[in-house]
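Below are two complexes that have chain A in common, paired first with chain B and then with chain C.
On to the complex of A and B.
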């Protein structure tokens, strides 16, 4: 992996060039040849315990595990021979002797690797007629994890993750042979900030998520690529939603879970629990209609109310939760109206060595690139984004918020804003990488994205300044180039 | 003229059947024969026995310990072509089977009686064998069957 020397190997008759020392399974995957695996995961140290990835290498007497074999110049590998197919069937049959067939109950069904492999490689009846081994079910591992020892195939991905990635080591394998199970060491609970990743790592349904448990079947979920807003790292995530009233009839929940998306530059394969479980604000406690002094009103009445601030001394507090495009648009609007502009953000939180950074806002860097300062003022009117505390000192308060809070009746005007899942745009993470997040949902109620709200402001003042996302995006790219060239 | 003869011929056939069935039914009525002839079924009082294959109203079955067989796996809802099955799952805290339906609704107003749900069910929890054909209602709401309605059926109504 480190030497960087290029080698040529032949996989299934195809010549593949790769770096010396790469594992065979990885080299094959990069070349588009998928070798089945249960215990191997790109982000973990290889373990070679499941024997699913065995391949034939010319010159070796027996099949070798592709996840433990580094490539060597001139290797000739076969990944799909009748003997290997037979072998995979036997591996699956062996695992399935003790695996309970409770797919109807299991949350993993539909995205279960074992289920997929059974249909791809085996489809054989169980020959094992003895009583199945009974093991503890429903073991609570702390926080959001539930462990089912019967479903566990002992791939040790969870143990390796906690040993080598978070380096907390709460889990171990106990007992031997058919009795073995994964368990917590005495007096330990899994309480680290990356515990949710165990659910993603588990190839079967042995570790399930209490937060998602029995809420929705996975095949009803729509997956939208997005970016996590809960810190400046900007981890790549997938938002899993279901808004179909036929399959999601009883709950008012639209977002069901957040999953990480692989990005080797930023978050690799993981996300923290803070990002994973903080999605509820998208569906709960939302402001659905514009409000004047705490009373709901219409968007038509908003323009009338807005005209009251013409000619007055105004400060606009933009927020580090707005997208690049929105910040550029609002900055331009504020400059045009000769309003003073500054920005507000969530106070710093704790950080760790793996992913989480101190700054708990997705877009602080853009605010700084655009030359905004974190400051307050004594102006009469305040236009505040997302953080109500910013408007405290001002006498006429206009707020643009997503979620309701105490004391809304003190605000002269509150406009409902769309959350990050309900609009698209870009954020700049703390490294300066611009990342796009996609729209997963329609804005709830009458809420609108901040750019559209800006258009409402502009038209109320009789200014022609249409909200054009692409134009703003290009403009920010110019600013970003200027900044990175510095 | 030819048309007139054709009409007479047709009436002849009708008359033949009428007389034959009248004769057969008269013999049956006085107890001389077991053959009833072709007679209209006096429907509300009389009903024909349904074939076992017939698919009609759904019912939810229970396990021996009284718990619903259903584990809320959504297979029926997934298979349903008219998407008329709505399920909400919840944790069953005391039972070894961890999952149970909190709500289970079949909208018979939308149902096409195709039987895919019964085929899909991995737990044999759902059957369509209540052979009562009277399903008409004055209100569509009454055709929305919840767990209560799906589990309350007259014993023996399913042949």
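On to the complex of A and C.
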């Protein structure tokens, strides 16, 4: 659509320069002028149905939808006239004639576009005093999606997502006028790998997530930027947590949901369902304390146990789930101790044309950049990260794991590791992009991040090698530059 | 008085049609240059008879001549505007007039495929059309090498499924493509991006039925039948409280009063006229003192209404205006496609208020509220259905306010019924 030609337009008296063909709503937003919208979403084909984004363009007889109007050289646009302000109030009033006033029990409350807009643009009293339209309140669309047709404002973002992004086309608009609703085509269910995005796309509480609904009010959630570990794409995510004992009294859950974070280079606006719904390992089934032959012990006892391997033949299996910093640190420690070092990772899985890649690990590329190979050996002692099967052939086994598993009693020593949500660091995705994930939670129980665990090893062997994350980060950047040739 | 369309009525069989001079226009057209035809049609002041009244020749000239894409003609026979029944008569009584018009339009624009999108309810009419098309193929008037020229044209009849909105040209195109019938955002206009993304002309049945006469007698002749910028004659479908409801063809510019009293026989019984909806249910109502207005596009626009499809609905004093409001608002609420917020919600809201008033449950302020809702819908939607729903409401509320207020106040109908 864009020819790359720069054009100048005037929006609300301000000169704005943009690329010819850019949609007005986007050009304005990039210039810091927000035009309210309900059906428009940057990642979807514009549809122009909600009529919220109408603006006045000089020379046009009627207001035009900013989401459907490409900019042209010299265009003079007004986004905030009295008539438009009145129009926005009217659009909101029209929607609220049928939209239920059930915000107190609606999951979307607090992050609802309609609610926010009412407060920002309307605050008018209700004039609609007729009967409300009755429609189905709970329609199960498959996986975790529940649809409430009464709350639906018919923006069709969900339909367009399935038509144009996943190209699976499960949903359509049925009936007409005020009786319209979004429905599944006969015999269909939404079973594609990206269904959860519909919940994010829905500007109101019409599509809710069975995995999340009724569990937590959104304003109690803390949002931490992170990176999804479930494949080498490294989709940008937000981890939504609540650890406040006043507002999260009855559950042991700390992570309540994972949301995508926009990154046009990597995941655009989306994440897959695996990445979205696989967060439970962070709170469930965790190894909370060090264990010797399956029996819990203390970190003090760990050092003594570790000294048993001094002088023996050791192989360390680093993992493609460790951060760049941790890998650099552990590689250095292994080299110093003359241990054999290789890496392990989850086996390849399915891929698709949208986001999912075969490699189901977040940091395989860093392992390779650091020269690690996927290989085993016949050494007596194994130090294994994350993947217990790597220790099978070794007689003395030390494991650093996050979650418990069958057969822990066979392990001479197990150390509890923090999950990615409980530490910070960087991963290098399959494209070679280094991305930071932030710490959302304190490590559960006595678990520690792998870098700190490395320090425990070092000090047990009487080596001075402090865990300095930033120094390791810089170290890796050097390696990365060497690898990428920049 | 010269008539253009109705003299052909009854000539359903192709032999009868040809016997009366049929297909001479098409034959002549095919030996004219396409541009010549477009110029002739421009000169004729023929304006779209579907309701919007856009000059037909100009509409054709928007179609790009150098497009490598296939071009299409969509014949709008989805006659859905309440009160309108003119296209049904044309197709039933003179189907070949439409086919001949379609040949002329197609040749002028460079089209080889035409679709007649006929409303689902016109099942029998669709059969008549199909029969006529078959006859035309057999005579070599359709198909390949029409009249021995290089020109080919295929016509297909496509039945709609009963949605008023599919009479809107872009919704018609969507429906024809097999999609949900809802209007597209313009631009792009069908002339450049229409059916299957190709340049497309959408013309009403009556519009096309005028073409044979224009080609035979010339554009100036046609223009002279009418008045001002409204050339030719117009079919008026008169219904309601008149002595002789029916279809009348009159020159553009004839007064509404003449149509009602001289042709339709005046008001039935000994009743007095209460109001006239002059151009289908979406045109603003006129009061008895306003019916001197000439029936042409400009005059009716000046009178605050519109010629629309030429469906004249006459109401006498026994008509309850709250009930009229209810019927009209209910129709548009039912027919709104539901795409745009103001139309989807506004039409339903107005219908509920009107229904409440009729039931004797009206509230003070309802009339103002109705007008406010209607005004908030106008000019804010993708297609003109919201305007079509809002205009009659505003007109009825303004012109019959006292009666409506009385209906609300008294909680019953103030109109004595026989």
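In the analysis below, the second predicted complex is superposed on the first by the 484 of 486 C-alpha atoms of A that agree within 3 Å, B and C clash if a C-alpha of one lies under 4 Å from a C-alpha of the other, contacts with A are read in each partner's own complex, and residues count from 1 in each chain.
Simple rule for what comes next: contacts are C-beta pairs under 8 Å (C-beta built on N, C-alpha and C of every residue); 3 or more make two chains touch, one makes a residue touch a chain.
Every value quoted in this text rests on a predicted model; they were computed, and no experiment measured them.
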- Message: With both complexes overlaid on chain A, does A:217 touch chain B (first), chain C (second), both or neither?
- Response: first
- Once the structures are superposed on A, label A:249 by its partner contacts, choosing first (chain B), second (chain C), both or neither. first
- May I ask you to decide whether A:98 touches chain B, chain C, both, or neither, giving the answer as first, second, both or neither? second
- Task: Could you look at A:49 and tell me whether it touches chain B, chain C, both or neither (first, second, both, neither)?
- Result: second
- Task: Count the residues of chain A touched by chain B and by chain C, then name the partner with the higher count.
- Result: C
- Task: Please work out whether A:389 is in contact with chain B alone, chain C alone, both, or neither, and reply first, second, both or neither.
- Result: neither
- Item | First (chain B), second (chain C), both or neither touched by A:178 | second
- Show which residues of chain A both chain B and chain C reach, each in its own complex. none
- Seen from chain A, its contact residues with chain C in the complex are 38, 48-52, 54, 62-63, 65, 68, 87, 90-91, 93-95, 97-98, 127-131, 133, 153-154, 172-173, 175-180
- chain B partner contacts - residues on chain A that touch it in the complex: 102-105, 109, 137-138, 213-215, 217, 219-220, 246-247, 249-251
- Which chain B residues qualify as touching chain A in the complex? 71-75, 77-78, 83, 86, 88-91, 96-99, 102-103, 105, 122-123
- Query: Which residues of chain C touch chain A in the complex?
  - Reply: 163, 165, 180, 185, 333-342, 344-349, 352-353, 356, 363, 369, 376, 379-382
